Amino acid sequence: MIITLKKNAPQTEVERLHQMFEDEGLQVTLIKGVDFNVFGLVGDTSHLDERDIKANIWVENVQRVSAPYKLANRMFHPKDTIVDVAGVKVGGQEKITVIGGPCSVEGKEQICRIAQAVKEGGADMLRGGAYKPRTSPYAFQGLGYEGLMDLAAAGKMTGLPVVSEIMSADKIDEFEEYVDLVQIGARNMQNFDLLKAVGHIHKPVLLKRGMSATIEDWIMSAEYIMASGNPNVIFCERGIRTFEKYTRNTMDLAVVPILKERTHLPVIIDPSHATGDWKLIEPMALAAVAAGADGLIIEVHDEPEKAWSDGAQSLKPEKFAQLIEKAALVAAAVGRKL
Amino acid sequence: MIITLKKNAPQTEVERLHQMFEDEGLQVTLIKGVDFNVFGLVGDTSHLDERDIKANIWVENVQRVSAPYKLANRMFHPKDTIVDVAGVKVGGQEKITVIGGPCSVEGKEQICRIAQAVKEGGADMLRGGAYKPRTSPYAFQGLGYEGLMDLAAAGKMTGLPVVSEIMSADKIDEFEEYVDLVQIGARNMQNFDLLKAVGHIHKPVLLKRGMSATIEDWIMSAEYIMASGNPNVIFCERGIRTFEKYTRNTMDLAVVPILKERTHLPVIIDPSHATGDWKLIEPMALAAVAAGADGLIIEVHDEPEKAWSDGAQSLKPEKFAQLIEKAALVAAAVGRKL
Amino acid sequence: MIITLKKNAPQTEVERLHQMFEDEGLQVTLIKGVDFNVFGLVGDTSHLDERDIKANIWVENVQRVSAPYKLANRMFHPKDTIVDVAGVKVGGQEKITVIGGPCSVEGKEQICRIAQAVKEGGADMLRGGAYKPRTSPYAFQGLGYEGLMDLAAAGKMTGLPVVSEIMSADKIDEFEEYVDLVQIGARNMQNFDLLKAVGHIHKPVLLKRGMSATIEDWIMSAEYIMASGNPNVIFCERGIRTFEKYTRNTMDLAVVPILKERTHLPVIIDPSHATGDWKLIEPMALAAVAAGADGLIIEVHDEPEKAWSDGAQSLKPEKFAQLIEKAALVAAAVGRKL
Amino acid sequence: MIITLKKNAPQTEVERLHQMFEDEGLQVTLIKGVDFNVFGLVGDTSHLDERDIKANIWVENVQRVSAPYKLANRMFHPKDTIVDVAGVKVGGQEKITVIGGPCSVEGKEQICRIAQAVKEGGADMLRGGAYKPRTSPYAFQGLGYEGLMDLAAAGKMTGLPVVSEIMSADKIDEFEEYVDLVQIGARNMQNFDLLKAVGHIHKPVLLKRGMSATIEDWIMSAEYIMASGNPNVIFCERGIRTFEKYTRNTMDLAVVPILKERTHLPVIIDPSHATGDWKLIEPMALAAVAAGADGLIIEVHDEPEKAWSDGAQSLKPEKFAQLIEKAALVAAAVGRKL
């Protein structure tokens, strides 16, 4: 950690800080500069908060050198983590995982019908929302427990592992029992109590990026889950919020190589939420595969114009199947398979 | 609601949509344009989701005319809502409320000492975090229940109502009993289950703006709380996330007149989180008062350099008292008092 | 155009507006709503500015239905524009164009050496900056005219058309004579006098996206060039500014299908500026090809650590050649060639 | 400057870098850390570009300690710069300057009429655009030279110094002769050739912030003007681009105390462009005064609904006069006068 001190900091204060850092077991070097002095701290600084040190009025700036995360850090775990979701392996250098299904479960018949369709189209897992985070309290909020049962039934029928979003820690037992991959949505990426809760279960977690989360914030949320005992975290990019208005969000594909360099965890891409427009899903999905993503999660509905939510960003099953075919060609071009 | 249709939409599809909207009890006008046709819908459209209608491939665009919120809407409730927090009135045209206190409760002795200091400085309420949302799992997470008891004790001692952040619905009884103003933090602004939970209690709610929440998103979160039965919501701006790096966030003061035009609820400003830098708190607080804010919430610590969290954005008690004095002058200049 | 009027707008004002729009040759329909009334205007509204109409205090909102651009609009020019850059065709459904070269021309020897290397690596054109937009006045500002002559010489030697950025209209003759593709940089995307100037020359223009330009702003800047007489505009995405800090900018790949749907002009991608990090260039370039981009522009330097500018985002020639090979495989997978 | 090196950097490379920095006259300290090694450089590093050093593949990160600007830096020029605009003093601790006038000059009669009105309302200077940066090539582009002559006439008539935006260096003589305060607009904040051009004239410059410019970018643009010989630069905040849609831009008031701490130049605020909505101008103007701004620039039009541009964000003269009265009260409350 590098601490920049104001040139006019009193000698006693500089000495007090020096002592304080040494007392924390850190090795301290002082560099006297022209406009500022600088402390270089060597040792484990992960428990120090940059902002707490900045509270000292003689401190101009604090800069972390080592990353604040450990369990997720590639530096300490060089090998790729491959997450096993009820037998489907996510991550590694070869197979790219495809998750398909509707935004919301709308009933047993609907979810089973679409599950069958996405399976035929080439999906490895089935998605479906039972508890829905909706901006408006007057919008459909999901079928809840009943929807989760319908999803589980559709998973059983097709043999596809199922993915669904958890919105509250009090549903944790339900999810542990019936869901194979537990999703934390963008709006809850820093709901730390929920992160701790999913850190205590034995099912893997799909961690969506918050709408304005930096990559470091996002890794720290994975670290929360891992530090609570659950090592099986998959990152999912779903677009960030920018000034652009043609798309619902801006898909940030650079996260794929960055997360793979800095962490050992798999990364999948959600082009449905990232764009909000079904016409953009295919090109963005192909781009994600070319960039090295470990998977895709895509909204599929057989009657998008009647979907109870997010129809605008859902593909029809035949378009989904076409996308998978094309994505397989791109995957082959980058040495992977779908 | 205005729906733009592609010019090449088949006649049967146009008629089907027309019928569908009429079946929903809406009055429909079709305007034939040069490049597009347009449906104008009159009636209550609050249950329609723009994005669901956009799922139709012949729909180019959907534009809401009336706001999607009702209970929070000034149009239907012209009078200012004044929220009573254990006797302290927030909102209205006159008194500006000041909330002061440390980021975290660090023990009974600390919170009582600072409570006394902020009271002497002119605060109307006491803030203090017992459950802390921290980016890192390795950072201090708050004293929890014990901290809440310390805060309540300090409130009792000084007679100041207390404000604290709730992070999980399973603590709702604790908060309803011991906290006078229950805070929803920025990271949980769209934790809809938590919003519903605080919608069922009888204590007022301080709703912070999410880091990348639009004003409309934010009002919709207030609408969630109100629709669950709790009409006493206070908005709190704490800065939004932008590309600027000198400040922790960018304080968006335009929310004050906008929220006051569109809703009837009080708006307070948190210059501590909005800037992240104690040196910027005073000018930003004065600006907030001049812009018409109904209150200020300010972090105060008597030893910021030893604070367990957010010392960098905490004022010492004497600076806090000075700020209040200056803010009182600005308040008088705009016809209010502090 | 759709104009939302406040319900309490005086009848005389509504009638005055109605008349005013009819006098402009527009057909006007009035829809009386519950909370608002709405005017629907049919006809050519491209000369109306939404914000001017909003100046009327009885107007709540103005929404454009047709796009404000005409010459760039796919609706009126369904066929792809293929831009001829000194014999190299950019756009269309087949060949993907590759532009390579250093950020700055550093001398004749350097640019000729790198030109040779990028040609061998597979580039179709040579880039090199002679006039450099640098954030600091103390940083290297480019070799100017001399640099442009060196670039032209390198182009001649290798047979590669050359691309270079113009920063001021007073250099227009120089660029028209010596440069094959005239680049407008991100910082000048809304330097309207410069746009008009390049609209009057006979060389094609590479129009980079401004750091915070919406897609519509960007198309309007192309419209400026086209309206001044130059139909040969190529869009170039180079990343937008967001809160993310790991990358220099956030590359927005959704622009590729969006620009191709809304306009008829070619779109190329600059992964060097979009990421600022040479390690991210290859995956982002492959993603761009998969998303349907018509070309890539990539910074190449044989000694990045000694480059006079932007070494951090430059590839060595051997890495560039590898990238081209891999990109060719991805291009084939999406039915194109490199 | 602090340079973080990868732990596996070869010893020869570390020595080569060490030598290279010493050859630049810098004093180098090497700190050996756990995960990384760190070089601390002492001396004048303003000619080093962080990104050039990052080009070295063994460099993990580069962090500047001293600011990259000198002439604008408060550290080297502790006293406030007071800019004299044809006799009106901008900056310092006392008088707050008010600039009023229409977005566009629409003719001699109009500008003289409004000039008289703003003078009566309390303005110290007159603004008016003759060359207008418009997003659409089909929108009114300003009256040009003729408009500038009308503005100069209105200034002469009322005795108010005049402010107008320059869009191209080839108009520099016109502006030096007829304009008292030469404005660089947001879109040209990094049009470096134009910055150099206004750096060579003897009239002060009003430098608007770019839509997505960081404060440091903005100061560097001032540094460009100053380094070219013109020390009289006034900063003008006009809002930055964010995801928020209710306002045209997000006004960032924290720039006032930050620019005043880091530079010695005056800072004024443009609430008209920052909000885009006349109803928001007054509260934002009062906030700016309370935050310590040295001036306000406000769009005024006597018939906003007929204005040729930006009517939506223009105040009527009587509202402008009211605003000035209220602002004077707030100014008095913070120890200044209007």
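By written order: A, B, C and D. Residues from 1 in each chain.
Operating definition for what follows: a residue touches a chain if its C-beta (ideal position, glycine included) is under 8 Å from a C-beta of that chain, and two chains touch if they have at least 3 such contacts.
Predicted model only: the values in this text are computed from it and were never measured.
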Repeat of the C-D interface, chosen from A-C, B-D or A-B (over half of contact pairs identical by residue number): A-B
Distance-maximising chain from chain D - centres being C-alpha averages: A
Length of the line joining the C-alpha centres of chain A and chain C, rounded to whole Å: 31
Inter-chain centre distance, chain B versus chain C - centres from mean C-alpha coordinates, in Å: 39
Of all residues in chain C, the ones touching two or more other chains: 212, 241-243, 245
Sites on chain D touched by chain C in the complex: 46-47, 49, 51-52, 54-57, 68, 133-139, 141, 167-170, 187-188, 190-194, 211-212, 217, 220, 223-224, 227-228, 241, 276, 278, 304-305, 307-314
Parts of chain C lying in touch with chain A, wherever the complex brings them together: 212, 214-216, 240, 242-247, 250-254, 256-258, 261, 274-275, 279-280, 283-284, 286-292, 326, 329-330, 332-334
Chain B contact footprint on chain C (complex, rising order): 2, 4, 29, 31-36, 38, 40, 42-44, 61, 63, 65-66, 75, 241-243, 245
